[in-house]
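What follows is a set of structures to go through.
Both complexes below contain chain A, partnered by chain B and then by chain C.
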Partner chain A sequence: MEKKLGIYICACGGNISDYVDIEKVKDAIKDEDCVILAKTTMFACGDSNQKDMDADIKANDLSGIVVASCSPKLHLTTFRGVSERAGLNKYNYVHANIREQASWAHSDNKTGATEKAILLVKAAIAKARLAEPLVPFKIKSQRSVAVIGAGVAGLKAAIALSRMNDEVFLIERESKIGGKLHDLDTISPEQISGKELLSRLEEDLKKEKNIILLTNSEVVGNSGNIGDFTLTLKISGSKGETTKEIKVGSVLVATGFNSYIPADGEFGFNQIANVITLPQFRDILRNADSKKFVLNGKEINSVAYIYCVGSRQVKGENKYCSRYCCTAAVQASLDLKKKYPDIQNYHFTKGVRTYGKQELIYKESNRVGDIYIQFLDKKPPIVTELDGAISIKAGDLLSEKKEIEALADLVVLVTGMVPDKDPSVGSLFKLPKGRDKFFNEIHMKLRPVETVIDGITIAGTCQGPKNVMESVNSALSAAAKSHSFVSKGELELEPIVAYADKSSCNWCNACSDACPFNAISKIEAEGKEVASINKSTCKGCGMCLPVCPTDSIELISFTNKEMESMIDVLAQ
Partner chain B sequence: MQKEPINLSFDALVIGGGIAGGEAALNLANNGYKVILIEKRLSLGGKMIMLSKVFPTLDCSACITTPKVSEISRHPNITIFTESDLTSIEKTGEKNFIAKVTRRPRYVIAEDCTACQLCEQACPVIVKDQFQYNLVGRKAVYIPFSIASPKVAAIDIENCSLCGACEKVCPPGCIDFTQEPREYIIHAQTAIVATGFRLYDPTNVPRYSYGEARNVITSMQMERLLAPTRPFHTILRSSDGKVPDKIAYVLCAGSRDDSMGNPICSQICCMYSIKQAQLLMGALPMADITLYYIDIRAFGKGYDEFYEQAVGMGVRFVKGKVGRITEKENGNLTLRYEDIATGKLKESEHDLVVLSVGVKPNSEPADIFTSHKLELDSLKFVKQSDPLLSPAKTTIEGVFVAGTATGPKDIPDSILSAGAASSEAISYLNQ
Partner chain C sequence: MDKRSAKILVFSTEKISDPAIDMAGLLKLHYPPQVFTISVRCSSGIKPKWILRAFEKGFDGVFIAADGSDCSYGESCTEKTGVIVEKTHIMMKEMGLEPSRLRMAALCSVCSEAFVKQIKSFTELLLKQEN
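Up next, the complex of A and B:
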């Protein structure tokens, strides 16, 4: 039976229609084979258009739809939902991306953008003519979650999951839990120490029956997929190393951050005595004599703080702001001042970022007489030894760009956050990273704790710099998301997977080498060795297709026939 | 006349249908809980649905908000009351909350309205459109805005002349002047407060001339001018409809200043101003855009890079706080400011000035809890009883808080805090 297709072309409120003439696109495709309805719309994703689509599908008994709008990354699930509600198999909806691939890419050439959009929509129509209804696989899901990392984010996530009645494996590579909480003295603006928070978390942890805590443990192996991961753990104990396998439905990664370590000579680090980092400063301050502050035999009467060390680098790789350090440094300087009221603080900043309510501690710092210098990118601080003290010179934006010199007995480098130095978890789960090298979420606003690997969520500073409260918010969000993967006991998986034709396959290994998900194995069939693809592990990425010398692999929904029909249109 | 209030029961009550309340409701509903979402205004979507694009990705805000709102409005586990006032909540025991809700009449039968807008065309009454931040007018019967949810007309009865013109043209005959407020008693086991924030009112700072000088607008008005559903389809200034070519942003208008009644940083204004500056450079390629700032607080993921991008595009950043804005005869504005880089007092002329207004607390939720006290912090935001380890907990057990009700937040942080609130609520329900 011939397909009956409905086509929707979105203006995206000007994002598309400012560059692509969508009426022209509609006119160009409305008489294509099988097309019985073509419409333009202000927002295809909007509620009223969704209602229209639903009504159109039912009234015209459509057997397929094409939506030409933004990237399917944003709204694939939206339009699949519309199709399902209208009684149309959701795999009979085909998407054309005429925003990222036409209007935005060719904003300098409206005619060209329109022509390209027409071809993209025609290609999608060609595919829609051949699209087959598909049924998702259903798999059972383990009611358990592995939380990797027992810092504040991992601990909070584990406790939250346990309270939602999920079984939790809390995996920590160190011998003790708490992560960086051990190093935090005064967390502003609440003025609580990390140790105090940790002891409260330890109390909470004891009460939870559903958490198995595994310290000295590392994840070294991963197989399976959402709902059914098998993780191999390496556990070091007094009797040597043991391995253990656990089965979980979801993995929550909370591996945290490292503090940036300055290079030798960076603002005098490791070359001038009494040039230290902020974490070192906190450590020293915690244990310092209560009457006199002496370091390396020198009594400290003045301290200079240099901000943005390892962050917002003009020349280095770390372009990002580490978010927590301005507040942390101001707080540390206030702690110092509280202990030794006569010490003078000098802050060399790139503009203080004590955002939100944290502004109040910056105000307090000004009130107690700290001096702020805002250095220019062109004239960053130069740190040298001078007659037993340390000289810090910089061009100051706050003093008509004049060069300012401060003499200090101690220089604190306010170091930022960098991703955890151990890359093993990221590479084991193939988690994508952003430009800043922290793990990347799918979408900052729509899916902020999910990764492109189904079933794996990210929490805390492994996703990017955060303070404690922000880490906890992200941990609890990730817990809610991981919980939703495992709580129903059953999950639907995409039926868009590859399959190998056993009759033409002569096992050669090429496909299994190309597969990034270890989904392909060798089996005996029809009296020979052939490839077999595990459909619940296969992600439908298509990497195995082009490497097959006998063309024995097809990807459902992206078959050779479908792709060729699209290419034929585009090559017209 | 309604005799008895209607009793309804749910697992969770979410107060506020902005992005935080919506996200919290969805999280709960997707985990199988029955949720009622109460929204004071005519549409879901809060402030986010009114925005142009969002930083730092420049996704259009409607493209992210409308599908979320659509998912919420269609979810079988979510019941939505818009145009409704929650007048009181009493906690009668653990997992036992009783709320009184009044649904105000729209004077339109919502189920039958097709949003054809014929009533709008027929209505003779024109008033300021609050959804367009008073930039343009609307009728007394109106669809709140083009992407409103529900997209249903309502009659603004205060301004309606009761002429009956709308009733005559309405094809399904859904205008109904006899509608009355309906009272409900809602039983729920937990509550989430997501009542959002208020924009700083710049008329508090007379020296900025807002409300007097016609070409001084707020950043929210600029959002509307830039939005896909914008009123003029271009950027125009109010006094004479001229397309501006020398635009100034005054940052910290109502933030970081005790004299303005707000000592804290509003956390979002630097970034939305930088975003608007980038969008303006696209919309008006010849325009000069200057930001007058104290410090640029671009602290989130990808934010500092976004700021550097604006610098690279040619947006002018001047460190210095604007002291006074005066209007010239031709409608242009003179800005008096201290130029920090030279240490001199300077004046500059612009033809449009945007005040980057800050975030103020909405202290309303404190008043609706009757049996227990929902405490506020010293700044009048909802107090977090355990801000570091359970940021969503309030001073009432079983009542959680999401989004900007606890303080300034950008959209990603609001969404994460909504996730935290829903996770805490599920734990509480499982106790």
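Up next, the complex of A and C:
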């Protein structure tokens, strides 16, 4: 029976249509064989379009769908779902990636991007014409999750998973849990200290029965797939190192961040005494004498804070905002003021980002008499020694670029976040990184805690700068997602397996040798020895395909016909 | 066909190199739009006849983005993909096709820059051969 195909070409709100002429794409494909409906849409993934697709499938009795939009990593499942809900077999849906592989990749060449998009859609149509309805396989999933990193995100995620009755392996490379919470003083806007928060979490952790805490432990090996990962751990103990293997259905990565360390001479760092970073400042303040604030033999009466050190860089690589540092600096200056009310604070900022409720502490800071100077990118602060004090000069935005100078006894460099310096977890799981070098989610809004590696989620600051509250939110979200992978105890797998044509096969053993999963065996059929492929052990890699001397093996969904029809179209 | 660029077919794997190629787009690392990707499950499952078909139908080059040691189907992947390339090279010679028109390189899931670099140098090579 001839297929009846419906084709949807997505504008992605301009992400595609700014570079690819989607009306031209539609016109180019609307008369292709089997195509009975072709539409452009502003957002193919939007509710209204999904409803339209549902209605179109039913009204036109469509037997196949193609959506040309973003990467299939993002929305293949979405549109398979739409097809299924409308009564189609979901494997009659074919995806064409005209965003990551056309509009964005060729945003420098609109004609080229449009021509490529046309061929990509035509190739998807060619495949859709041949697509067969299939029934997915089910596999067992381990009811357990590995959480890597026991900072605030890892702890919160582990507790949440345990409460959902998943077995949790909480893996921490240090000897104690808590991560950066140990170094945090007042957390804003909650106004509790890092230590208090940690002790609350430790109390919660003790109550959980499903968490196995492994400190001094590092993940050194990883094999398997979603539902069934085997992780090798290296555990250091008093008796030396041991290794341990654990089996989990999902991995939640919460490996955290490092604080930016300024280069020698960056705003006088490591060159002028009493120029320190914010983490150093908090540490010194915590342990300082309660009457007089003395550092390096000098009594401190005034402090200058330079914001955005290592973040929002004009010249450097770190273009991103580290989100937490404005609030952390304002809070630290208030803590200082509380301890020593006579100290004068000067804040050299690039515009204060104490967003949301954190605005309250900025207001308080202004009330107690702190002075804020917003400097210009072109005239950033220059820090020099001057008569036993430190001079900070910067171009001031509010006084029409006039240079403003402050004298201070101490300069605090408000340093931002950089990715964890230990790359081992990222490279072990092959986690993609974004332009900011932090781990990358699939989609900032639509799939914010998933990675392209099935079954692996990310939480907290390993994904990008976040404050404590935001880290906790992302941890709970990642826990819910990881839980969804393991909760049912089984996962649906694609029924993409190989099959042998018994009439042309003359058993030669080559396919069986090539198969890494022992899925192929010799059987008697049609009066000769032929290959038989076990559907439940075949993983669908296709390694047996090219070794067959008689080309008797095909892989479902990647058959000769499908591949060749796509090659033919793309060659046009 | 735009002769300033060579027409290249890329066989890429769903789990490993597709994300790298997608990310090249995301990062707007531009490469010529005459480069088309067909996804496969594993690079060691590519049939030589598909490669030859691509040449026959007019592709200037075929690029195999191999999984390398990252392949989720096992360590033998690179070696097996290598054998496919070797076998196809022999067939290409017999057919009078320049074997360098088929290239293979291992690409990991974050190797976006490597992909673009490979494609650019492959394009240059193919264009040089034409002249």
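Criterion: the second predicted complex is superposed on the first by the 399 of 572 C-alpha atoms of A that agree within 3 Å, B and C clash if a C-alpha of one lies under 4 Å from a C-alpha of the other, contacts with A are read in each partner's own complex, and residues count from 1 in each chain.
The rule we apply is simple: a contact is a pair of C-beta atoms (placed from the backbone, for glycine too) under 8 Å apart; a residue touches a chain by one contact, two chains touch by 3 or more.
Bear in mind that the values here come from a model prediction, so they are computed numbers and not experimental data.
Engineer: For A:368 in the superposed arrangement: first (chain B), second (chain C), both or neither?
Structural biologist: neither
Engineer: On the A-aligned overlay, A:78 touches which partner chain: chain B = first, chain C = second, or both, or neither?
Structural biologist: So A:78 only meets chain B here.
Engineer: With both complexes superposed on chain A, which partner does A:97 reach: first (chain B), second (chain C), both or neither?
Structural biologist: The second partner, chain C, only.
Engineer: According to the stated criteria, A:55 is in contact with first (chain B), second (chain C), both, or neither; which is it?
Structural biologist: Neither partner.
Engineer: Looking at A:435 after the superposition, I want to know if it touches chain B, chain C, both of them or none. Which is it: first, second, both, neither?
Structural biologist: Touch status of A:435: both partners.
Engineer: Classify the contacts of A:523 with the two partner chains as first (chain B alone), second (chain C alone), both, or neither.
Structural biologist: In the superposition, A:523 touches no partner, neither chain B nor chain C.
Engineer: After lining up the shared chain so the two structures overlap, which partner does A:567 touch, if you call chain B first and chain C second: first, second, both or neither?
Structural biologist: After superposition on chain A, A:567 lies in contact with chain C alone.
Engineer: Which of the two, chain B or chain C, is in touch with more residues of chain A?
Structural biologist: B
Engineer: Per the definitions at the top, what is the overlap between the chain A residues touching chain B and those touching chain C?
Structural biologist: 435
Engineer: What residues of chain A sit close enough to touch chain B in their complex?
Structural biologist: The contact residues of chain A facing chain B are 12-15, 42-43, 45-48, 50, 70, 74-75, 78, 81, 85, 152, 156, 160, 163-165, 187, 190, 192, 197, 200-201, 312, 319-321, 323, 351-360, 363, 397-401, 434-436, 438, 444-446, 448-449, 463-465, 468-470, 472-481, 483-484, 487-488.
Engineer: Of all residues in chain A, which touch chain C in the complex?
Structural biologist: Going by the criterion above, the answer is residues 71, 73, 97, 99-109, 112-113, 115-116, 119-120, 123, 225, 430-433, 435, 440, 452-454, 496, 514, 516, 539-546, 551, 555, 558, 560, 563-564, 566-568, 570-571.
Engineer: What part of chain B is in contact with chain A in the complex they form?
Structural biologist: Contact set of chain B toward chain A: 27, 30-32, 54, 57, 59-60, 62-64, 66-71, 73-74, 115, 146-147, 149-151, 227-229, 256, 263-267, 295-305, 308, 319, 340-343, 379, 387-392, 407-409, 411-413, 415-420, 422-424, 426-427, 430-431.
Engineer: In the complex of these two chains, what residues of chain C are touching chain A?
Structural biologist: Against chain A, chain C makes touches at 2, 7, 9, 15-16, 18-34, 36-38, 40-42, 44-50, 53-54, 57-59, 70, 72-74, 76-77, 80, 84, 87, 108-110.
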